[in-house]
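Across the two complexes that follow, subunit A remains constant while its partner is subunit B and subsequently subunit C.
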Partner chain A sequence: MSTVVGDMLVFEHETSSRAAGGRWEGLFQKVVVVTSGAILLGIVCCALFAPWLAPRNPNTIHLFNPYMAPSHGFPFGQDSAGRDILSRLIYGARLSLLGPAIVVGIAFVAGVPLGFLAAYRGGWTDGVISRVFDVVFAFPPLLLAVVIVATFGASFQTAVVAVAITYIPLMGRVVRSAALVERSKPYVEECRLQGYGAWRVLFVHMMPNIARVLISQTTLYFAYGLLDLSALSFLGLGAQPPQIDWGGMLENANQGVFQSATGVVFPAVAIVLLVVSLNFLADWALDYESRKAGQR
Partner chain B sequence: MSDAANTTPRAGRSLSLQEVTTYLRIGKELRPVIVRVDLEIQPGETVGLVGESGSGKSMTARTIAGVLPRGAVSEGALLLDGENLLEMSPRARRDVQAREIGFVFQDPRAYIDPLWRIGDHVTEAMRVHLGLSRAESRARAVELLDAVGIDQPERRMHQFPDELSGGMLQRVMIAGALSVDPSILLADEATTAVDVTTQAEIVQLLARLSAERGLSVLFITHDLALADIVCSRVCVMYAGRIVEVREGRQIFEDPAHPYTIDLLAARPTIEHRVARLPVIKGSPASAMDAPEGCPFHPRCRFAIDECLEGVPAMVSVRGGSARCFRAHEDLAAMAREQTATTGGDDAAQR
Partner chain C sequence: MLRYVASRVAMQIAVLIASTIIIFFLLHLAPGNPATLLNGGHPPSPATLRYFNRLYGFNRPLPMQYLIWLRHLVGGNLGISVATRTSVASVIAPRIGLTLFLTIFAVAIMVVIGVPLGVLSAVFRSGPSDFLASFGTLTFTAIPTYVTGVVMAVVFGVELQWFPALGGGDTGSFLTRLDHLTMPAVALGLSSLALASRITRSAVIGELEKPHVTGARARGFSGPRVVAKHAVRGSLVPVVTIVGAQIGYLLGGAVVIEYAFGLNGLGSLLVSSVQGKDYAVVQAIALFITAEFLLISLVVDLLYGVIDPRVRLVGRTA
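Showing the complex of A and B:
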C-alpha cells in the first residue's frame, strides 16, 4: 500500500511541477508522449499484423547458423537454433501484450469488486477479504506463481492465471483504500440519503471518482505483469515452444550471450520500451484529465 | 412558478418524534447523542431547531433521515403519518425515507458528486425512485431548477458543480432534494455557508416551497434570529435534549429557559450598545458528557439544589414548553435585573 501511495504522491508532484514548467518542458513532454504512443502503436501493429510484417517464419530452424550476428537476410541476427530474431520479436509481441492484458483484466474484474465490497460493507466482510489478501501477500508473488505453475504444469495459460492470482489482492487492496477514503465523502452520504443501492453508489458514483487510481494501477500492473510473465518464461515456466514471447526469447538467448548479444538485447529492449512507454502514456492520460478539469 | 413541477399535489404529511433517543457506538459502548427528543411537524409547517455545535441538532436530522454513523441505534417512535419508521425493516424504511424525506446540507459542494453534471444529479433520484424516463426526468429537472430560481436552467443542466457558485449549488441541492416530491424537508444549516443576500433568497425559497407544496420543513440553524423569521415554532436544543419549544416570536419576547435567556442576551443588538457582550460561562456540553441532573445546571445562573438531582420534565409555560424546574418564574426579568445591577462586564466574566 505505502508504495502505491508513494507512486501517487510522486505523480502528483510531477504533475504540478510540469504544469509550472517552461515551454521546453512542455515540448519535451509532447515529444515523450508522441514517441511513447508511436512505440505502443508499433508494438500493437506488430502483434496484429505479424504474418505480414515478419520477414520470415519465426519458427524455421537453421541449425547450422546458431547465434549469428545481424546480416543482410537476418537484420537482428539469429538465435540458438538459427531462427530469425526480428520475426520472433514481431510474433512475440502477441503473447507479450496478450498475457499482461489478461492478467490485468482478471485482477481488475476480481480485485475491484472485492476491494469495493470490503470498503463499503466493512465489518466482518472487510475482515475476511482483507485477511485473504494478506495470506496471498504473505508469499512473494513470483514464488507463488512458480508454485502454481509447478503444480498445474508449465504453459502460457497457467502462467497468466498464476500471475493474475497474485495481482488480485494488489488491485483489491488499492481499490479498498481508495474506496474507504471516497466512502467517507459527503456525496456518498447524499447517495445513501437518496436511498440508492450499493451497486449504484459503488459503480456509478464512486468508481468514476477513483478512476485516476484505477487507471494508474492498471497501467502499472500491466507493466509489472509483463515483467513477471517474462520472468516466468525466462525460467521456462511460461509460454512453451512453439509459442513465442519476449521472456522466452531471453531465456533462449541467455546461454549464447557471449557468442551473440542480439538475442538478449532486442527482446530486453522491446520489454523496456513497452513498459516505459506505457508508464509515460498513463502519466499523460491522468495529467490530461487534470488539465481538462483545470480548464473547465 | 411552473405548473408541471406541481403536477402531483399531495396532502402533506406530519412528522412526529416521540421520546427518540439515538446512541452512537463508541468503542464497545453506546453513548447517547440525542435524548428523548419530542418534536412535531405538521404538514406545511416550518419548525426551527436551534442550538450550539454538538447540541444534537444534526443528529436529530440524521436520525429522522436514517443516516447515522455505523453502529448507531435509535429508539422511541419516529412517526411519519402515524407509521413508526424505527419499527420498519431497513429496506422498507429506506424506501419510505428516499421518497418522503429530502435533505439539504450546509455544504452543497461536498454533497454533490463532483463528476456529475447538474442535470444528472437532479434527475438521478427521479429515474431511480420514480422510474421516469430520461426525457421526462430532464423536463421535470428543468422545471425544478426554474422553480428554485436558477436562471437558464437548460444550460445549467449541462454544467458541472464546479462551474456554479455556492448559492446556486444550494438551490441545485434543494431541487435535487425535491425531485421525488418528498413531504418532509430537512434543512441542516442550509443557509449557513452562503452570504446574507443569498441566505435571504434561500429562506424565501423554502418558505414559498413550503406554502406551495405543503412541505413540512425542519429548519436547523444556530442563528436564532433567522430561525425566528423562518419558523412558526422554534425548538432550542442543549446537550442532546430539547429544552424549550415556543411559538413564533415568543422565544424572543418571552424566553422561558435560562439557556435561551442567556443565549438571547449574548447576541449583539442594534438597540443598545454594551461594552462587552455577556457570555454564558463554561462550555457547551453534549449529551455524552452531560452532567447529572439538568444538563445545563453548571452554567445556569438560576440553578437550585433540585437541578443537581434530576432532569426536569418538559412543562407547559406561557403557550410553549420548557425543560426547567423554575420555568414558571419570570426568569427573563430576573436576568435583566441581575445584569442591570451587576453590569454587563460582570456577566462577561462569570
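Showing the complex of A and C:
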C-alpha cells in the first residue's frame, strides 16, 4: 500500500532542515517516542499473554446479543455474533503482529542480499535484479497481493506471502541505494585490496554502516505490512474465521455499522495507534545518529 | 526530448508486457488446472473445456498459450465471466466510470489542497508550528484509507447525515455523483494529501535555502514572487514524484474504499470476483489497473523532462 511512502519519508528526512534547537520540541519528541514505545510494548504483551489478559473466550458466540454497546460484562461491547470485542482485540494482536513480522522477515532475508549483490557487483547482475524489481513495482501496491490471493485462495498464509513478495523489491531497492553510497567509500576499496570476499565485505564491513537505515525501513515496512494485511482481511481475503485479526474485526464491525458504530472504533484505533507508534519510532531511529552527533 | 520520450515509452511498454506475462503465468501456478480455476473452481464440462481450449489453447505449449491469450487481449476479448456468463468486457465496462471519477476526485483533492498546504507551511514555518505540522502529517499518513472511510461513513453519513453513507449515485446527474463520492474521495485522498503536503513542504524549504532564491530576494523581487517562481519551480521534481507514486497508491486504495462504501466500481467487482472465484474478471481488472498505473508513471516521467531539462539528457552519449 503506502510503501513508496517509506522511501519518500527517508528522502524528506534527508532534505528537511531540522530545527535542532528548541527545548520544548526536544521534550515533545521524547514524550512522543516514549509513548510510542510503551504502546508497542503493550500490544506485544497483549499478544504474548492473551489467554491471561482476555476476560472471555474471544470466539464464544452470544447470538441473542449482537452489536451490544459496551456494558459491565463486555467493556468494549459485542460484535455481530455477540462475541466480546475486548477479548477479540487482545487475541487479534497475535496475528496482527505475527503477519507483518513474517512479511518483514521474508522481505529482509530475500531483499537484503539481493540489494547488496546488485550494488556490489553492478553490471548485468545489477541490471537483472533491478529490472525484476521494476516489474513488481509495475503493479499498484496491494493489487498484486490481491491477484496472488485470488490465485491461491484466501487465507492468512497466502496473504502474508503475497504481501511479502511486494516488499522484497522495496527492501532490496533501499539496501541497494544505501550500499551504493557505501561502496564508493575508501574503506570498501581497502577491504577489497585485502582480498576479502564479497559477502565478508558486505555483511561484516558495510552492514554496520547502513544498519540505521535498515532498522528504520524495517520498522516502517512492518507498519505498512500491517496496513496491507489488515486491508486484505478487511476485504475478506486475509485471515479467515475463526482466526482473529484487527482488519477482519473492522470488516465485521463495518457490516453492522448502522446497528452500532462503537464496534468500528476499537479495531480502527488499535491499527492506527500501532502504525503511528511504529512511524514515530522509525523516524526516531533514523534520527538517532544525527542526534548523537549533534550532542558532541 | 523526442529521444527521451521514445525511451520512456519503450520502457513502459516493456514493463507492461512483463506484467501481462506475470498475470498470465499466475493462472498456471495456481493449484489445480487453469481450466478449473477459470470455471469458478469447478471441473469444466467437456463442452466448456472445448470452449476454453479454443479461447486459451490449453492443449498447446505454454508460450503459445501466452501468445494466444495476448492476441485475444489486444483484440479486447478478455474471456467469459463465470458469474454472469457474459463477456468480461461487458461486465467491466459499466464500472470503469465510477472508479475513474473516484480516483480523479481523490487525486484532485490531494493536489489542490495538499501541495498549496505544503508550500504555505514551508513559507510560514517557525518554532513549534513547524514541529506540529510534521507531527500532524506523520500521524495522518499513518491512518489507512479503510479506517478513514469507515469512520467518515459513521460520523458524516450516519450520525450527521451530511452525505449519503452508501452507494455511488450511479444513475444520477454529475452533481448527485459528486454528492455520493465526496466522502469516499476524501477518505481515499486524505493520507495522500498529508504526505504530499509533507514532501512539498520539505522540498520547498530545501529550495528556499538555495543561493538562487537568496539571489532573487537580493535583486528585490517580492516574497510571493520568489516563492512562486523560484522556490516552487525548483522543488517540483520531488513533488511530482510523490504525487505520481500516490496516484498508484490511490488506484490500489480505491479497491478498498469502493468495498467499504459499497460502490459499484472496478475495485468492488475485483473483490467480489476474488471471493466468487471469477478468475477471468480478476485478471482483466488487474491488467486494467496496472495499465492505468503504467500510463500515469509514463506521464510522470515525461513531466520530469518538462520540469527539469537535465533529465532529457540522461542516457545520451556526450
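Definition applied: the second predicted complex is superposed on the first by the 266 of 296 C-alpha atoms of A that agree within 3 Å, B and C clash if a C-alpha of one lies under 4 Å from a C-alpha of the other, contacts with A are read in each partner's own complex, and residues count from 1 in each chain.
Everything below uses one rule, namely that contacts are C-beta pairs under 8 Å (C-beta built on N, C-alpha and C of every residue); 3 or more make two chains touch, one makes a residue touch a chain.
As the structure is a computational prediction, the values presented were derived from the model and not from experiment.
Chemist: Following the superposition defined at the top, how do subunit B and subunit C come out on subunit A, clash or fit?
Modeler: fit
Chemist: Is A:279 in contact with subunit B, with subunit C, with both, or with neither (first, second, both, neither)?
Modeler: second
Chemist: Is A:186 in contact with subunit B, with subunit C, with both, or with neither (first, second, both, neither)?
Modeler: first
Chemist: Does subunit C touch more residues of subunit A than subunit B does, or is it the other way round?
Modeler: C
Chemist: Which partner does A:234 reach: the first (subunit B), the second (subunit C), both, or neither?
Modeler: second
Chemist: Looking at the superposed set of three chains, what is the minimum CA distance between subunit B and subunit C in Å?
Modeler: 8
Chemist: In the superposed view, which residues of subunit A touch subunit B and also subunit C?
Modeler: Shared contact residues on subunit A (touching subunit B in one complex, subunit C in the other): none at all.
Chemist: Enumerate the contact residues on subunit A facing subunit B in the complex.
Modeler: Going through subunit A, the ones touching subunit B are 122, 185-187, 189-196, 200, 205, 208-209, 293, 296.
Chemist: For the complex, which residues does subunit B have touching subunit A?
Modeler: Touching subunit A: residues 65, 67, 70, 94-95, 97-99, 101, 103, 105, 107, 110-116, 124-125, 128-129, 160, 162-163 of subunit B.
Chemist: Taking the touch rule as given, give the residues of subunit C at its contact with subunit A in the complex, in rising order.
Modeler: Listed in rising order, the residues are 15-16, 18-19, 22-23, 26-27, 29-31, 37, 127-128, 130-131, 135, 138-139, 141-144, 146-147, 150-151, 153-154, 158-159, 191, 195, 198-199, 201-203, 205-206, 209, 238, 241-242, 245-246, 248-249, 251-253, 255-256, 259-260, 270-271, 273-275, 277, 279, 282-283, 286, 289-290, 293-294.
Chemist: Help me check something: in the complex, which residues belonging to subunit A touch subunit C?
Modeler: Interface residues on the subunit A side: 1-2, 4-5, 8, 11-12, 15-17, 19, 22, 24-25, 28-29, 32, 134-135, 138-144, 146-154, 223, 227, 230-231, 234-237, 247, 250, 253-254, 257-258, 261, 264-265, 268, 271-272, 275-276, 279-280, 283.
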